[in-house]
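Should a chain be cited, it is by its letter among A, B, C and D, assigned in written order, with residues numbered from 1 in that chain.
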Amino acid sequence: MKQREVRAALLGATGAVGQRYVNMLSGHPSIRLEVLMGGESAGKRYGEAARWLFPEPMAEEFAKKIVRVARPESAKGCDVVFSALPSEAAKEIEPGFAEAGLSVVSEASAHRMDADVPLMIPEVNSEHLSLLETQQRTRGWKGAIVTTPNCTVTGLAIVMKPLVQEFGAEKAIVTTMQALSGAGFPGVPSLLIVDNVLPYIKNEEEKVAKEAKKILGKVKSDGRSMVIEPHEIPMGVTCNRVQVLDGHTESLYAEFPRPVDPSEVVRAFEGFRGPPQKLRLPTAPTQPIIVRKENDRPQPRLDRMSGSVPGMSVVVGRVRNGIDDKSLMLTLLSHNTIRGAAGTAILTAELMRREGYVG
Amino acid sequence: MKQREVRAALLGATGAVGQRYVNMLSGHPSIRLEVLMGGESAGKRYGEAARWLFPEPMAEEFAKKIVRVARPESAKGCDVVFSALPSEAAKEIEPGFAEAGLSVVSEASAHRMDADVPLMIPEVNSEHLSLLETQQRTRGWKGAIVTTPNCTVTGLAIVMKPLVQEFGAEKAIVTTMQALSGAGFPGVPSLLIVDNVLPYIKNEEEKVAKEAKKILGKVKSDGRSMVIEPHEIPMGVTCNRVQVLDGHTESLYAEFPRPVDPSEVVRAFEGFRGPPQKLRLPTAPTQPIIVRKENDRPQPRLDRMSGSVPGMSVVVGRVRNGIDDKSLMLTLLSHNTIRGAAGTAILTAELMRREGYVG
Amino acid sequence: MKQREVRAALLGATGAVGQRYVNMLSGHPSIRLEVLMGGESAGKRYGEAARWLFPEPMAEEFAKKIVRVARPESAKGCDVVFSALPSEAAKEIEPGFAEAGLSVVSEASAHRMDADVPLMIPEVNSEHLSLLETQQRTRGWKGAIVTTPNCTVTGLAIVMKPLVQEFGAEKAIVTTMQALSGAGFPGVPSLLIVDNVLPYIKNEEEKVAKEAKKILGKVKSDGRSMVIEPHEIPMGVTCNRVQVLDGHTESLYAEFPRPVDPSEVVRAFEGFRGPPQKLRLPTAPTQPIIVRKENDRPQPRLDRMSGSVPGMSVVVGRVRNGIDDKSLMLTLLSHNTIRGAAGTAILTAELMRREGYVG
Amino acid sequence: MKQREVRAALLGATGAVGQRYVNMLSGHPSIRLEVLMGGESAGKRYGEAARWLFPEPMAEEFAKKIVRVARPESAKGCDVVFSALPSEAAKEIEPGFAEAGLSVVSEASAHRMDADVPLMIPEVNSEHLSLLETQQRTRGWKGAIVTTPNCTVTGLAIVMKPLVQEFGAEKAIVTTMQALSGAGFPGVPSLLIVDNVLPYIKNEEEKVAKEAKKILGKVKSDGRSMVIEPHEIPMGVTCNRVQVLDGHTESLYAEFPRPVDPSEVVRAFEGFRGPPQKLRLPTAPTQPIIVRKENDRPQPRLDRMSGSVPGMSVVVGRVRNGIDDKSLMLTLLSHNTIRGAAGTAILTAELMRREGYVG
C-alpha cells in the first residue's frame, strides 16, 4: 500500500536555515511544503520577504506563497511542522503546535535536552523515537516534539557512532573550524572574520558534548516511561569560527581500550549504514560516511556537497593513529545547514512517516 | 664593560622570512646587519630584488645594498649569519659558513634534529647552547650552527614549558589553524584557500612533535659529549591552514597526573620568564606569555602583535579544564614570522652574544 | 541528415582552464574529447596528473586516460584541437596542428590579433569565420587556427554588441573587478590578495581594448583576402583583481550620439540573440544576456552560474543613465572560465561544425 | 601667543567611527577629548561599552571614562563636539549643541547639503568656513555646525582639486571598490561578501557626486549671505563593496579641454598643499597626495597607512592617459575611517582653532 504524502508547514521560513528547507523540499517526492510561517514577514509574499541566499533561484511555487503568522491555525491540515525558529521563540511557540496535533520537527535547541524529547539523527539513534509515546502520555499531546541536533554535533555524532559501538571509544577531544552560515544571517560581521579566526562560539562547546552523549545514549524503560541513558564518553570540545561559507571541519582525537587499526576504522566508516539507508528514504545518502584517502582532504569547499544526496554525507579524511596504537586522529567535514540542520530534520520526518509516527 | 656590536649577514634575504629579518634588524641596538645574500638576486640592489611584503617601507640603508652571492667570503668580517634559506639549500650552504668561523643561526629545518645542534627558544632551553662545545670539537669548526624551531612549534613549546615543568603535563593533543605566511611566498595559491580550510600541511605534524620534545629535553653529558635527552610527553598533532595572513592559532588539550586549577596555570603563564627577560635582551618581550581573560581571545588579527616587543609574546586564552580536573584546554596564538621565525633567531643571537658565544 | 560527432583533442589539459574543458565536455552530445595532451604530465594518467580544482569529481572516462605528448601525431584522427596552452607555448605548438589538418580552437593570446585569424564570440561575430578561407590559402594549411578572446573582454563584447549596433555607442570606459581563477593556477598568491585589491593585471588592459575592437569589427574583402576592419570606439580600461573565485565583474560607462532610455537598452539586452541561439547549439544559453532588476545585482557568487547553460550567460544589472541622458552606466558579470574561456571555445567548435568548417 | 587647548566632546563614541576618534585624539597636542557620549551605553565605562575594534589597546584614560547621555549639558565646558552619529540621530541632536554654543564638527550626512553649512576638507576648501557667519546670523546660534564629507568622496575630492583647478577637468567617471569598515559595525554580514563583490551601496553614488561638487565649489556673496556655487563638472559614479577591511580604492577617468601630460599631473599631485600644510596642523600630512610609480600600486593593505600622519594621505597610482591625450585615468586609495572620517574632522577642528572659530 502506498503511503500518502505528508503535508508540511515551516516555522521561521525566511531565515537562512528556513531557506534551506524551502530549497531542499522543492520537488520532494513524499513531503509537500504547504505553509510558510514567519514573524515580521507575515502577510508578505515569500519571494519578497526572504533575502534569498542561494545561487539557484527560489522555486516559483514558494516565491508566490503568502507568509502566514506563526500559530497552529496557520498550519491546519498539515501533519508536520519543521521549525527553524531561534531557541527563545521555539520554546514559546512549538508546544502549541504539538498540542494541536502536529509533529514538530525542530532544529531549535529549546527542547533538545528534555528527557522525553528525542534528539534525532536517523542513522544513529532511530530507536529514540520510542520516547514519543512517553512524551504524548505525559504531556497529554496528540502531536509531539522531535528535535535535531546542533549543526556541529551532527557530523561528529555520525562519525563517533561506529567508533563507540565497534571500537569502544572512551575519550574524544574535538577542535572545530566552523562555517559562517552556522551563525545564521546576518550572523558574523565581516569586519570580525577577515584575516582572522574567532576562537569561541557562545554556548556551542557545552551543546556539542551534551548532545553527543544523548544521541549516542541507549533507550531504557524505567518502568513507567522510556528514558535515554546518555553515553558516558568524556569529551573535550573547542569551537572556532573560520572564513568559510558552508561546512564545519572538525579535528577529532579519540582513545580506545585496545589497539585500533586505521584501515579497519576506515572499513567500518565506509560500511556504516542506518535505517534511512535500509528504507531508502529520499534524503538518505547511500553512504552516510565517505572516506577520502588523499592527505589534504576533506576540504570544505571541495567536499561539503559530496555524496548521493549532496551535503548529507559526512566526509572523513586523514584517519591515522594518534599518540599510540590505542588512539586515533581524523578530520571530518559536515555541511552545517544540510546534514547539520534542514537535511537531518527532513530525514527525520521521512523516517517518522515510514514508521507510522506521522501522516 | 660594554660589549661590541655584532656584525651580521643574512642568507635568503629576499624571501618572506628574510624580509622579516631586515624589518626587525633595522635600527637594532647591538646587531648590525651588514651583508644581504641571495641566489638569483645576487648583484641587484636589495630594493629591487625583494618584492617587499610589508606596509612600512624598506629602510633606505637596506634598499641600496647590493645582494651578494651566498658564500662564506661574502660574509667576511661578520660574526653571525642568519639563515632564512629553504631546507635543501641550508643543508648544503650553512656548514661552509660554520667552518669559516661564523655562528650560523638558522631558521631552516635541515640541521634542527642533529644531535649536536641546539634547537633554541631562549626563554625555554638556553642551556642547550652548551651543545656547541661538542659540536665544534666533533666537527672541527671554529664557527657553529644553531637552529630555531618550526614556526608552529615555537609558541606551543613556550606554553608547554610551564605546563611540563610546573604541572607535569603528560599528554598533549594539538590542532592548529595556521597563517598563510607560514608557507612563504608565493606559498598558498589564493584559489586553494578562499572559502576553504586546508586540513594538511606537509611534514608539519611530525616536525611539531619531534621538535617540541627536543626543545623541552634535558642536556646531559654522556661522558665525552653533551647530548639532549628529549622529553617523553606523547603528542598528537593536526595542522590546518586557514585564511589568515599572520599568526598561528593552536588549540591545546593536555593531561596531568594531578588535578590542575586553571587559575594557577594562568598565574604560572603570566609569571613565566626566561634568561632573555632577566638579561633584558633587546628583542625579549617583558612577558613571553600574555593571558587574555575574554572568552573570544586570542584572535590572530587583534593579538598577533601584542606585547612589549610586538609579535614576540605568545597570547593564550580560554584556559579551562578539559574532560575533568586533571586535564586542561586552551587556545594559543603566536606570530609565525616574528616569534616563530626571525624574532626567535635574533633573540638567540642576542643571547649568544651575551653569553660569549659570538662577537 | 544527422551530422557525425566531432572528435576532439585538448592541449594543456591539466591546467585550470584545461580542467574546465574536461568538465564541460563530459557528456557533450556532439563533441567527443578523445585525447588529452600535456607537457610534464605526459605519460601519466589524467586523474593523477591534474590537481583537480572542482567540487564535482572528475569523470571516470577522463581520469583513466593517459596524457599524451603535445604534438600533432597524438591527435591523429581528431577533427578539433582545443588549446588551453599559455601564450608562448601556443605560438610554437599550435601551427603544427593546423598544418596537420586540424582545426585549432585556441584560448591563448598568441594568434588572436593575427590579421587572418578570427577572434570568435559566436553570438557576436559568427561571420568572422569567413577569414578562414584566406588563412588556409595564405598559410597553405589544411587545418586552421581560430581563437577566442581574453576572459575579460568576452562578457564585455557581448554587452557592447547591442550598445554599438542598436544605439551607436561611441565611447566606453570600463573598470573591472576580476576573479582569481582568471590568473590560472597557482596564479595569485593568497598573501597578496587577502584584505586587498590588486589594481593592475599585466597586459590585460591593452588586450581588452584591442580585442573588443576586433570582435566588434566588420569583415571586408580587400580584393584578394577577407580582413577585419576593427570598430573605432574609443575605450579606456582599468583592470583590478579582487578576492573572488570565479566571475569577472565590470563597471561600464558608455556615451551615445543621442539620448538613450535605459529601459530600451534593457529590452535590447533581453532580446539579444545570435546564431548559436538560432541553431540551438548545445552550449548556447537561451539568453546570452540576462538583466537583473534588483539594485544589488549582479553579484559574482550568486550570478556567475546563471542561465540555461550555467556560466554561459552574461548577467547585467544597474542599467541607468550616466552623467546625462546620452550616457549609460551598468555593471556586468561574466564567468571567466566558462563564458570567458572553455565555454566560448566549445561554442565556437559547435558553430564551426554546423557551418561545415569541421567534422 | 600660545593658543589654549581645545576641549572636545564626542557624540556616538562607541561605534566604529567613534572609536577611531578616540584612537586618534589620544595624546593630541591641542585637542583634549574630555566627554564621551552615547545612547544605550550611557552610564557605562567606555572600556566596557565599546567593542574595541583595533589591535592597539584602548588608552586607559578613555577606558575608565563614564559614557554620558547625548545632550548639550553633558558637553558643558567643551568648545567642540565631534559627531559620529548616524544621520537620523544627527539631524535631531546636533542643532541643540550648536544652539548651546558649541562648534559641532559632524561626520553625519544630515546637514552636509544645507546651504549655510560648510562641507570641509581643509586642504581643498578652507575658505568655505566663511559660511559660518551667515549660518550663525540666520539660525541665531552662538555655536555652529560644520560637516565633513562621505568617506568615499573625501579622497576623490582631494585628487580632483588639482585636476579641476590646474587642468580644468570637465568630466569625471568613477568606479569604487570600498572597504567593509565603511559600512560601520556590524555592517556587512560575512555571508554576503566572502567570494563576492557587492555592486551597490545604498545612497552612496548620489552623495559622492553632490558632495564633490559642493566641496569643489566657490564661496560667493549673494548680497546678504555667503553661499556656495557648486562646481559644475559632470560626474558618473558606481560604488562597489569588496572584501577589504580598510581603504577605499577608486578608479577615476577624467576628461580635459586640452591635452594633459601624465607627468605634469603627477607633479601637480606631488606639489599639492593646502592651508593645513602651511599652518603645520598636527593632523596634516606633509603631502596630502602621494604618487606611487609602480604599476601595481596603490593597494589597500600596503598603502592605506601611508604618509607622515598615517592614513591621512591619499595614495595615487597608475596615472596615464585615457582614450586619448585629453583624458586621464588613475587609481586612488584613501583610508576611509581616517582621511575619510575622523581624521578630516579633527583636521577641520584644528583649522577652526587656528582661524579663531573655536577655543
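The rule we apply is simple: contacts are C-beta pairs under 8 Å (C-beta built on N, C-alpha and C of every residue); 3 or more make two chains touch, one makes a residue touch a chain.
Treat the numbers as computed from the prediction; the structure is a model and nothing was measured.
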item	value
Other chains in touch with both subunit A and subunit D	B, C
Result of counting contacting C-beta pairs for A-B and A-C, higher pair	A-B
Gap in Å, rounded to a whole number, between the CA centres of subunit B and subunit A	43
Residues of subunit B touching at least two other chains	194-195, 243-245, 301-302
Subunit C contact footprint on subunit D (complex, rising order)	171, 173, 175, 177, 194-200, 202, 234-236, 238, 240, 242-245, 249, 251, 253, 295-302, 317-318, 322-324, 327, 329, 331
Touch list for subunit C against partner subunit A, complex	54-55, 194-195, 301-305
Sites on subunit A touched by subunit D in the complex	16, 53, 180-181, 185-195, 243-245
